[in-house]
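Chain IDs A, B and C follow the sequence of writing; residue 1 opens each chain.
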Amino acid sequence: MSPEKPALRAVDSPSETTTHEAQAAAEDARVGWEQFQQLIEEDQRVEPRDWMPQNYRKTLVRQISQHAHSEIIGMQPEGNWISRAPSLKRKSVLMAKVQDEAGHGLYLYSAAETLGTSRDEMYQQLYTGKAKYSSIFNYPARTWADVGAVGWLVDGAAITNQVPLCRASFGPYGRAMVRVCKEESFHQRQGWEILYTLSHGTEAQKQMAQDAVDRFYGPALQMFGPPDDESPNSQQSMAWNIKRFSNDVLRQRFVDMIVPQAEALGLTLPDPDLKWNEERGHYDYGDLDWDEFFSVVKGNGPLNHQRLAHYRAARDDGAWVREAAAAYAAKQAEASPRSALLSA
Amino acid sequence: MAETDPHAPADQIPDGGVVTEDPADHSVWPLWEVFVRSSRGLSHVHAGSLHAPDPAMALRNARDLYTRRNEGTSIWVVPAAEITASDPDSKGGYFESSKGKSYRHATYYTQSEGVPHL
Amino acid sequence: MSHSGGFTSQDSATKISVGDAITPEDVSASSAVASDETARYALLLGDDCLILAQRLGHWISRAPELEEDIALGNIALDLLGHARFFLTYAGSAWGKTEDDLAYFRSEEEFRSCRLVEQENGDFGRTIARQLLFSFYTHELYQRLVRSADTTLAAIADKALKEVDYHQDHAAQWLLRLGGGTDESKRRMQEGLESVWPYLEELFADVEPTPTLAEQEVAVLPSSLRDAVLTRLSSIIEESGLEVPASKGAFGADRSGRFSENRGFILAEMQVLARQHPGATW
């Protein structure tokens, strides 16, 4: 799993460079490599303009952009409930929450942009269906209780994943996650509160809550990714201090956290194998349906097509607005080049 | 950042930390860096980035994005492409000199310990 | 004060706080009780904000750019806040909550204007609707802050500061779409044309407003007309677009007649609450 050593591939086309330049480039790369290794070993932060291995950069762009895409697509299931939220207070909370997700997507895209990939390029990857995002958002938010379950379980799993990412070795990613985690602290609580109110409400409300938890429990646990022995990229990410804990470790942490929370809700988690293991000091949980998981990842989830179509429609419908604003800015700059920068 | 070639293939390492958008594509809004003063008496601090077509909209977008939770009393926006940054490769040359000059710090002067108001 | 802990760079850029401002819960907790007439006035003001917030909420995840999802979300949240202030205060007259009024009144009982009930359409049309409504409410709240009713005055004071930004947002976009591309110019003009017929209704003096205006509780709608029209005409001309020539659309004066859209808006907004009458959420 040793990342490529850049000194070995310093010159792609020797005909374009003199031997002297090639040697200088190789030397630069060697020094950069050593500095990078030292930063990682000392658990320091790598910043955008530092030298970094290609694969480190690629891994980060992939991970951060997928994370951003998940926030953006994740606006849809809950966004569908803004218009039907059953009280004005809940409507405000939900609007603020879905809006936060747009903000979190934006912070993350910004972090990825510092690695040299433009946001537009990342948009294109999502638009064309090439990019991945968290599979859980391909499931429908069918009832109001689903909004609660998404907040409690989906955001709960996301936070469990994100808190260690605040210490990711790449500075901008860590800083984006700090901001996201601060803002997201209300997301899980509001979800739990929705479910609590439902589970202490009418019989119909309680059923609605239980049904939502039944449907979201498994997919939420799968948000941590495949089991460690089937997750080949994880090890490299951990060696680079991007990821701090393995998928299974984080999943276990999450299970241990939600069991007492479910009890406080008065709801059952749909896993007959869920029980306290005294020896391990953790809850044991049953096997997850990984066939379903990989099938949804491959595009066969209930709503893969609709989620993407919604996103594309928004981009398409807004194209004329983006063009108009850019054209207006260009005209202003032409009329008065300095004032274009100073008029704010 | 002048050293970043906007036409470079995606898998090529850019020198700069920030990519410059292709100026030929008029529908892509440029990147801005946002600085927020959280309260009077404090400096503006880098809060993050965003995209906007022009300075006026950049300022408004910054307000909408970076002060949703009462974080600020004042905002600066700067086109990311206008920032000149020090070269991380010349870290030594830039920042070595200031190290080891302990006489620039009050803690270097120990004789006055115990003397009031010194 | 000498402690420097609060000055670390990361803290100062992300320090979050609730901030000090009036909340709907404050209105609810206060001992202020509206008279029946004042409540009917507050209802009219609140319904406008509620329906427009409902409309704008639809944009979140559909805006032209991510930054605009957030901007429209902020405006929708402000408007929803205003609606909650007004409805809570209105409800104090009749022992009803904001939710009783929002979810359990029928189409005939809403008092919203047709302007806010218009469909979002494209972004240009939404901006046109925002422009008209924010210029109107800005003028309105500027005077309502001097209301003899201290609760209405306090609500107007909070809302005015927020509407100030809504006005600016709409105006900035009007200028950009009006002066952007041929397509944006055409669409923005069409947006203005489509909402303009519903401007006149905002200035109709319908009871109880004139009576309350005499008591200096309410603002007489017709008194806002000249100021709003002058300011709208000026910004539209600045954007290079034309002030629509259309007259006010016949058929509504806030006295109970309403647009075809209202039924659909309420059906969607109220569906869940009505399936579970008496439930708490």
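In this section, contacts are C-beta pairs under 8 Å (C-beta built on N, C-alpha and C of every residue); 3 or more make two chains touch, one makes a residue touch a chain.
The shown structure was predicted, so the numbers you read here are calculated from the model rather than taken from an experiment.
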item	value
Central chain (distance from its CA mean to the mean of all protein CA atoms)	A
Identity of the chain that, by mean CA position, is farthest from chain C	B
Contact-richer chain pair (by C-beta pairs counted) among A-B and B-C	A-B
CA centroid of chain B to CA centroid of chain C, Å	38
Computed distance of Cα centres, chain B from chain A, in Å	25
Overlap residues in chain B, where contacts from two or more other chains coincide	29, 48, 50-51, 53, 56-57, 65, 68-69
Overlap residues in chain A, where contacts from two or more other chains coincide	99, 103, 106, 175, 179, 183, 319, 322-323, 325-328
Touching two or more other chains - residues of chain C	14, 16, 65-67, 70, 74, 176
Residue ranges of chain B in contact with chain C within the complex	29, 35-36, 38, 42-43, 45-48, 50-53, 56-57, 60-61, 63-66, 68-71
Chain C - residues contacting chain A, complex	10, 14, 16, 24, 50, 53-54, 57-58, 60-70, 73-74, 76-77, 80-81, 83-84, 87, 98-99, 102-103, 122-124, 175-177, 179-181, 183-184, 187, 268-269, 271-273, 276, 278-281
Chain B residues touching chain A - in the complex, by the definition given at the top	4, 8, 10-11, 13-19, 21, 25-29, 31, 48-51, 53-59, 65, 68-69, 77, 79, 82, 85, 87-89
Residue numbers on chain A that touch chain C, as the complex places them	72, 75-76, 79, 82-92, 95-96, 98-99, 102-103, 105-106, 109, 144, 175, 178-179, 182-183, 194, 197-198, 201-202, 204-205, 310, 313-314, 317-328, 331
Chain C - residues contacting chain B, complex	7, 9, 12-19, 65-67, 70-71, 74, 165, 168-169, 172, 176
